[in-house]
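Look at the two complexes coming up: subunit A is in both, with subunit B in one and subunit C in the other.
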Partner chain A sequence: MRKYILKRILRSIISVFIVVSIVIAMIFTLIPRTKVLDLDTSYRKMTGDNKTAYRFTTFEKLGYLDFVRISDICAESENPSACSVNKSAEQQAMLEKYENDGYTVEYFRNGTPYAYHDYTVFELALNFWKNLVKFDSVNFVEKTYGVTDLEKKYYIGKDENNFPAIMCSGCEYKYQVYFGHGFPFVHQNMVKLYFGISFPTKSGMHTLDVINEEQGSQKAILQTFPTGVELESPLNQMTAKYKPNVDHLDQTRFTDNYADCKSYYESPSMVETSYIFGIISLVIAYAIGLPAGMGMARNKDGIWDKLGVAIINFLIALPSLALIFFVRQIGSMVFQLPDKFPLLGFGNIKSYIAPILILSLLSLPGLMTWTRRYMIDQSNSDYVKFAKAKGLSQREIFTKHILKNAVIPIVNGIPASIILCISGALITESAFAIPGMGKMLPDAINKMNNNMVITLTFIFAALSIFSVLLGDLLMTLVDPRIQLAEKKRGSE
Partner chain B sequence: MSEKVIKTTDDLDPSMFEFQRADDSASEHIAAPKYSYWGSVFRRFFSNKIAILMLIVAVTVVLFAFIQPMISGYDHMKTPNINNKSMHYIRPFKSFKYIFGTDDKGNSLFDALWSGARNSLFIAIAATFITESIGIIVGMFWGFSKKMDVVMIEIYNVLSNIPTMLIAMILVYALGAGFGQLIFALSVTSWISTAYFIRVQVMIIRDREYNLASQCLGTPTYKIILNNILPYLISIIITSVSRDVPAFISYEVALSFMGVGLGQQHASLGRMVQNYAPYMTSAPYLFWIPVITTAVISVSLYIVGQALADASDPRTHMI
Partner chain C sequence: MEEKNIILSVKNLEVKFKVRDRVLTAIRNVSLDFEEGKVVAIVGESGSGKSVFTKTFTGMLEVNGEVSNGEIWFEGRNLMDIKNDKGWEEIRGKKIATVFQDPMTSLNPVRTIGYQISEVIMKHQGKSKAEAKAEAIELMEKVGIKDAERRYDEYPFMYSGGMRQRIVIAIALACHPKILICDEPTTALDVTIQAQIIHLIKDLAEEYGFTTIYITHDLGVVANVADYVAVMYAGQIIEYGTVEDIFYNSKHPYTWGLLSSLPQLGLKGEELFAIRGTPPSLFEEVKGDAFAPRSNYSLKIDFEKEPPIFKVSDTHWAKTWLLDPRAPKVEPPAVITSLHERMLEMTKKGGVYGER
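Moving on, here comes the complex of A and B:
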């Protein structure tokens, strides 16, 4: 069994790897890169050499190419001052060397040369996977900033709620593992995923931070800083990062160089927003769908069963967009609910009702049909006939025997539905302008935010693939007869 | 009660009878009522009143979508009335010429609607056709060949776990907006779930006695598939088609609504919903007519498909 799980995990990783590599290859090669800059307002205003330099630095930031200025070229030369003179023999030799390495040399209008190298598809994918995982180590500060007098050690400290936290001196982050506010409640800074930089929306931010960080305006919280100062400040001390140069303001609050903090904001992050909506709607869908499906199966061909099937068919056939707008319109006309989420925002319960109702309605028909189907299939099986022959009451057969067996395939789907809540409902979030993950993908596509698209693809693909694995494992827990390992093949 | 009572056989008039030749082969025939598969399918289908109603709706809508744009010659990119303010926002049912009114550019909503419906339907039907034909062909062989199963199951595991919407969005984004691209994006991965579905059915039927017998007698695989197995799957295939068409319409509408479906140069139901969404309060008919049309098309096609699938299942043909 353990071997099987390991194998499945390995396979899942390979699946994610293949899918994301294909997406990277497609996005970087098929989409004209100049389109990325079309939406950039500052680029449009520039002229001449500035524009060229800006273009290349942007492409380099986004991972399209490797851009080298003359100063960097000459830094490698034996005689940097001679090299920096345009058209000198020294410079020509260096440029030739770069050309031989696969770089293209071009000249600015003022005659200064520069070189760039377009990454091939393989290099692009390789760069992505190479930079993906970043580990924080005790040697980080020494390696990056050359600071040698800082003590290098891990130790147990206390976090903001006085829970124990693993802390570090010498690492990039002061708090390595801690309990903290906000989803998912246990946080870590030891391993970071790096997906590249968001551009042109939220320009310069890491894509993962964009979806993970809280939104809205800053929220000041009364807190005590390491120096003992008590202040109303939005800084989140748990995210303290090493800062090579601390200014006066930092010194009044922090005793060491770990002073680069992120801030608290009013509203939850994109991931959290999607999760709130997803989980509540899921609970509602299961709470209605399971009993309804069971009831229908129990009174098969009765009036309620027929009505239920008709409703299910209608919901399946109705395009989701039409359903979303119908419910939204009814909500805003009859119950005065807002038709856009930001109208009342996170604080008001009214903003949640319509989207949650829609999300539940969208997952309800599938859940009801499958529950009904499994129950009916089970009730035709031999053990049910036997139970009937032995004189068990209809109720006993249903609750004690059929239900237990029918629930197994339903359990298989639960992890997937819970985990995929994070990915958010693409259309619902777009229609209500909910600032969640689901809305982020079409937004990123329309804004040509390539790195963001890749990040979201990675997250969605990984979540869906691993949730299927989790569902299978959960199924074996519920029903010990099911064995996932190879043995099953022999009995087939 | 006849007046004349016949007492013996001698009283019978020989002219009442005629001679018949004894037919030995007739005794060999098994007496059974005449059965025609498609006859039964249609009898069964037309006994369902809701199905007939929905069929009329679906046929009307589809015919309108494919014929009306030819007559009106509507071009999404031409806006002849854009500078004539009096032609903008004519409410529906005010004039016969603009029965559904006009939009923000002075174009007839009626013409735009059918031209959009045609494109959306075309995409849905083309994607369904590709998905189903590849899916059925691959699924048939997949169910039969154990070697193929090993490879295909791996491909299925990778592709089926990723949401179709995600794949379609990424593909349209990478390939650019357009008819071909959208159809490709919708069908490039969805065929594998159809193939998987067919595979399971084929595996169930494959080892039944009559197929084993057929194999023993030396029937080639393709003939077994074509003559023994395919007829069995008709109802399953129709069910799958009836689910695919509305699903693809829904996908097209959703993708275009989010701005990643067809480009601006093509009219489509999704595009219309997206373009007219800002007029939801000021000119609600602009928004609601396309949405309702989408719903009517999907629901009618789905119900017709389901009824046809039920009718084409031979088990329902009991007399």
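Moving on, here comes the complex of A and C:
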């Protein structure tokens, strides 16, 4: 069993690797890179050498190429001052050296040379995977900032709320593992995934932070800082990063150089937003759909079954777009619910009712149909006939025999439904202007936010594959016939 | 003659099915008494109504079927007065148990064997879980499951077909039923296992003293285990008698046809007999003798009037005009007359018949 799971995980990782690599290759080779800058207003306003330099620095930032200015070239030279004179012999020699290394040398209008190297597809993919996982280490500060007098150690300390936390001196992050608000309540800073930089939307932010960071305006919380100062501040001390130069303000709050903190914001992140809506509507859909489907199967061809089938057919026949706008309209006209989420925002329960109702209604008919179908399938099987001949009542046959069989395929799908809530609901979220994940992928594609596209591809691919694995594992719990091992079957 | 002890008595039973707005009469006015402790085999071709007939004893007809006429007397009451499933639960499993054809699908695949046996014991005998388990293990040993204690917690997929049929039998016997209906219990099993299962049922019948009703195509099984044989054709029992009556002194042309077409009786070089034609459609009313169009011995009256029951002996009767004193004397086919010799010949090489 363990061996099988390990193998499955390995295969899953390889699949994710292949999918993401293909997407990287497609995005970086098939989309003209000039398009990336089309939507950048500051670029459009620029002219001349500034524009060229901006273009190359942006491409470098996005991972397309390696851009070197003459100052960097000459830094490697034996005689930097001679090298920095345009058209000098030293400069020529250095440029030649770069050209031999596969760089293209071009000149600004003022005659200053620069060199760049376009990455090939393989280099692009390699760079992506190489930079993907970042481990924090005790040597981080020494390596990055050259600070040698900082003690290097891990230790167990207490955070501002007096919860224990694994802390580090010498690492990039002060808090390595800590308890905190928000799911999953235990957080870590030891391993970070890095997918590149978002551009042109949320320019300069890490793509993962874009979807993962809280939104809205900053929220000040009364807290005590290490110096003993107590004040209302939006800083989240748990996210403290090493800062080589602390200013006066920092010194009033922090006793060490770990002063670079993220802030608390009013609203949950995009992921969390989508998740809140997804999970609640999922729970409602299952809570209604499963019993309804079972009840219908039990009284097949009865009045409730017919009514249920009618409802299912109605919901399936109704285009989802029509349903969304219909419910939204009714909600706002009859029940005074907001037709846009930001009107009342996260704090008000009224904001949630209509979208959650819609999302539940959208997944309800499928769930009911399948539950009903599995149950009916099972009730026609021979073991049910035999159970009846054994003298069991309809109720006993249903609860003790049919249910356990019918639930197997349903159980298999549950992890996927839960995990993939993360991808959000595009149309519903757009209709209500909910700041969730649903619009992220189409937006990223429209805006040429290539790194974001890759990030989302990675996340969705990985989650899908692992939710299938989880579904299979869960199924072994309810179905004794399934054994996730390549061992020999039972006796005889 | 001693008084017969009748456990179940069927009187003028008629069963109709509604199939796509048409009415099919599956059982046409059948009466039969089952003697306590005896083994009755019901034979006949597919669609002759064997299964439907026995299903009425436990109220297990499909939803489109209904008993339109007749009575079934069991333990002093007419089972046809039972109107709902609740009432039938007192009979099913508890008094009349059924073993179905396919052991591979008769058990719930996701419940343990033990659960499926003790469930019945707990339900019908009101025993506690521990008592039921003890009894279930005892039953499993009775039906020949070795190491029953360990195998109690195993699932059906861990059992072979033969083992599963043993479990099905154990479940059927869990409540000491008065009657055990075996609906082609060995059809889905291979030949060696068939013999074992047949013997098992036979031994258990002696030990528990229940009445066995076999439904089968297999005349070999019949010869081996049955006390009485009922031959069914087109929804009627056309001949009934002891196994000797049927095998050596059969009177109905259909029984002759059945016996002659036993593949085991075929001799090398001799063409195997087959009954020509197909059974009549039961959607229409059958006129005269249902078998007449296929029979080599049909008389004119066979096409006009349904034959009554002619008594051959105290234990033997048949529904054919050939037994009427006015009918011409006909001899059964040669294969039938030498049946005993042929069967002995055949089973010299091994088989069930000779062991009887």
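The definition used in the following text is that the second predicted complex is superposed on the first by the 478 of 492 C-alpha atoms of A that agree within 3 Å, B and C clash if a C-alpha of one lies under 4 Å from a C-alpha of the other, contacts with A are read in each partner's own complex, and residues count from 1 in each chain.
We adopt the following convention: contacts are C-beta pairs under 8 Å (C-beta built on N, C-alpha and C of every residue); 3 or more make two chains touch, one makes a residue touch a chain.
Quick caveat, the model's predicted, so the values are computed rather than measured.
Peer 1: With subunit A superposed, do subunit B and subunit C clash or fit?
Peer 2: After superposition on subunit A, which the two structures share, subunit B sits beside subunit C with no clash.
Peer 1: Once the two structures are placed together by chain A, how many degrees is the angle at subunit A between subunit B and subunit C, based on Cα centres and rounded to a multiple of 10?
Peer 2: Seen from the centre of subunit A, the opening angle is 50 degrees.
Peer 1: With the two complexes superposed on chain A, say which partner A:L30 touches: subunit B (first), subunit C (second), both, or neither.
Peer 2: First partner only, subunit B.
Peer 1: Scan A:V177 for contacts with subunit B and subunit C and give back first, second, both or neither.
Peer 2: Neither partner.
Peer 1: Per the contact definition in the header, classify A:S381: touching subunit B only (first), subunit C only (second), both, or neither.
Peer 2: second
Peer 1: Looking at A:N405, would you say it contacts subunit B, subunit C, both, or neither? Reply first, second, both or neither.
Peer 2: Only subunit C is touched by A:N405; subunit B is not.
Peer 1: Look at the residues of subunit A and decide whether subunit B or subunit C touches more of them.
Peer 2: Here the partner covering more residues of subunit A is B.
Peer 1: Touch test for A:G391: subunit B only (first), subunit C only (second), both, or neither?
Peer 2: A:G391 sits against subunit C, while subunit B stays out of touch.
Peer 1: Which of the two partners, first being subunit B and second being subunit C, lies in contact with A:P480: first, second, both, or neither?
Peer 2: second
Peer 1: Looking at the superposed set of three chains, what is the minimum CA distance between subunit B and subunit C in Å?
Peer 2: 7
Peer 1: Of the residues on subunit A, which ones does subunit B touch that subunit C also touches?
Peer 2: none
Peer 1: Inside the complex, what are the residues of subunit A that reach subunit C?
Peer 2: Per the touch definition, subunit A meets subunit C at residues 381-383, 385-394, 396, 400-401, 404-405, 408, 478-481, 489-492.
Peer 1: Can you tell me which positions in subunit B touch subunit A when the two form their complex?
Peer 2: 157-158, 161-163, 165-166, 169-171, 173-176, 243, 246, 249-250, 253-254, 257-260, 270, 273, 280, 287, 291-292, 294-295, 298-299, 301-303, 306
Peer 1: Under the stated contact criterion, what part of subunit C meets subunit A in this complex?
Peer 2: Residues 58, 60, 85-86, 88-94, 97-98, 100, 102, 105-112, 119-120, 123-124, 154-155, 157-160, 163, 168, 171-172, 175 of subunit C touch subunit A in their complex.
Peer 1: Which residues of subunit A touch subunit B in their complex?
Peer 2: Touching subunit B from subunit A are residues 11, 15, 18-19, 23, 26-27, 30-31, 313-314, 316-322, 325-326, 329, 339, 423, 426-427, 430-431, 441-442, 445-446, 453, 457, 460-461, 464-465, 468.
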